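Structure, as structure tokens:
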């Protein structure tokens, strides 16, 4: 187990370097003036430019620039964004909001997705099954920005049952609707995944054994079959959490949430390279770490998997 | 990636246990004459598909959307770029079936003309990811060793960057001052391929790893067939089914991603007509003139729905377990 | 007896004159896309205390369907019980409510399956799965139930039972897994144990050990044992009586020694002839030609006639009844006596 974790962590290093270099190169190595837009409408002064180039080592060849940048990142220094704020500090605050949003989305996904999937899977071909299949098909087909905007309009603006926008505090109540919108696509996938697995497991030999043992139908389905069916579902939710941490650009945009996705999006639009690269670096590392955790969790959930 | 582009197939990896109740029924039904009638997977899949209403409905919808993309003038004689400001935000009526938007454009005509961008992006992004993913996946799975390590790690790198995020950074970096229609479509396709191929590569790789130990592959090798020939004639045809299924579903997903990018103002931009842009334009008018948003959103959702349903039907046909 | 203690007064089912089970004219159909498959066509079997009945037949003959119908674990639909009765200690199981039947499964009638690896739940420890019987049916708490599980694992001779009680099914060998299945099945001291091909998935040496264990447990607890198999070799040492099934019906019934000495149905004759025997070394091994009939399209007359070497005109038109040929022996063949007399 320990060996496995160390091996995985070592494997992560080239991936993190590769992914961050890719982003770094896209942001900084492009033709064009990296200081464009930094000084309002007019062009920046030569002195400013020189200082900027010096600070971010932009006169060095790209790999060396990147190397110097990463050396700072390892020490926890993500640089300063165009407003002169510490990127690491700002990201910390924004991750609190995005983390909360992601956790709530995960909760929606898990509770509704699994419940709907289980109801559908118990009787494949039944009424609930058709209902779940059709409704998940619609959830998957309607793009999130449409669901977000329409639900914001009806639930928030017209009927006033949900908060229209989210304040800087991002309270649980304010995040109810955004997290539901954010989780809706995965909710549909989880429902389908649960359904498929449950229906398959219900035909498994050990379920027949459970019946032969004289267990109640509730115990046979709810414990024996569902326990097995949930292994891939929980794994999916784990990976999804890793992905949700990447920030929900669309959802955060619609509901004006001060999260990581919005931070990156604004950084991209303002050509604030330091902010973008810093945020994406943190995000890639977080994503990979969560994936590693999920793989370890998989080993715990399924005793047949061994990480030795 | 979190919001638009994942599919479930990655997660469905729990080994099915032997299913003896059904085996018993099958056994009970075994007919003397039926044994010799071995059917190939594709033939079997086609027989299954023909019986599926899901397949026919989605195929019909896809045909309509493809026709719209190829020849929009078949569906409307109106000019989508001809605005009539005096009729701005007109509600649906006999002349303008879906009403008019803020600029007085005919929404029906624009919905028809908007299909082209979505279909182009969907089709080419799917082709691109399938080709790149299949080739790299086959190489990694078949040759193993260094090739596998290299390809898998490179795949990990691209996989670690969420699709939507990568697309935003990529597009905003490479966007020229005044890109033409096809240039933008090409850029969007490119970015979807660059960040989308690893999932197909992984799928193909694991599929090839299952095929490789089979006797017919060893036999071909023993007979001295070249690796290219083995891959082309023996490995590829047997390993491609899951890729077909996922690619079909991805087509719908890519259409949604394109619309999302356009919605964010990074994909297609006016004057190009695109469903994503139309939805984006309709947002501020939601309260007063919901029809401006409604119709493009419905068209977009129906197109995504068609491809996802099609993918579902294909999967059911290829995967006997799910029947 | 083992350490499993059950209050005898808790047993609400008592066999009359030692008769545990009476299956009468059982009919079962499967409704499928291809049509209606008549899986069981009037099956009659009985079982007394302490005896072993072997049900013999090829795959698809209906032996597993019979077992699962008695057990009440048939999937309905696609299956449908269209007629007959299953009397356990005089009470018809088919007339009972589902809850009452569930309470019979485990404490009264229990079952072990062919492939213990897939029949055990892969994600729960084996001890937990055995203990579940005590927790669900006896209301024992977790630790008492687990203690009972350890005793049972010791009883079925699993080495180091106390240490392995928390291990998972995939960590055991095939033979050990089948022992765990057996421990689970006998946990509540059932009166009837149905073993559906218990040794088919195992090595020959392990097969003998498992059959030995079953025989031992049966004698110890005076269980009635129904042994379902396609392997005549397994049956010979263990069974008292044999019912041979073909195409969803019983074609021959007799005491085990009579059948081996002298079969009364051509199908049994064929099965016996296809066992390799040392005293017939050098001779070609016999195999019954053809395949079992498709149950959706049963041939007219005797279902075995297309494959029968003795078939005559009458066989393709009249379906023979299961009749007594000599006292204590039944056979469903127009020419039973001819077969019996060689």
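Every chain is named by a letter (A, B and C) in the order it is written, and numbering of its residues begins at 1.
Methods note: a residue touches a chain if its C-beta (ideal position, glycine included) is under 8 Å from a C-beta of that chain, and two chains touch if they have at least 3 such contacts.
In this text, all values refer to a predicted model and were calculated from it rather than measured experimentally.
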item: Farthest chain (mean CA position) relative to chain B; value: C
item: Busiest interface, counted in C-beta pairs; value: A-B
item: Separation of mean Cα positions, chain C and chain B [Å, integer]; value: 51
item: Inter-chain centre distance, chain A versus chain B - centres from mean C-alpha coordinates, in Å; value: 22
item: For chain B, residues contacting two or more additional chains; value: 17-18, 20-21
item: Contacts with 2+ other chains: residues of chain C; value: 113, 115, 118
item: Overlap residues in chain A, where contacts from two or more other chains coincide; value: 204-206, 208, 228, 231
item: Complex interface listing, chain B residues touching chain A; value: 1-4, 6-8, 10-14, 16-22, 153-154, 156-158, 160-162, 164-166, 168-170, 172-174, 252, 256, 259-260, 263-264, 279, 283, 286-287, 293, 297, 300-302, 304-305, 308-309, 312, 321-322
item: Touch list for chain C against partner chain A, complex; value: 71-73, 102-107, 110-111, 113, 115, 118-124, 132-133, 136-137, 168, 170, 181, 184
item: Chain A residues touching chain B - in the complex, by the definition given at the top; value: 11, 14-16, 18-19, 22-23, 26-27, 30, 137-138, 140-146, 149-150, 153, 157, 182, 185-186, 189, 192-193, 196-197, 200-201, 203-206, 208, 228, 231-233, 235-236, 239-240, 243-244, 246-251, 253, 261, 264-265, 268-269, 271, 276, 280, 283-284, 287-288
item: Touch list for chain A against partner chain C, complex; value: 204-206, 208-216, 219, 224, 227-228, 231, 301-304
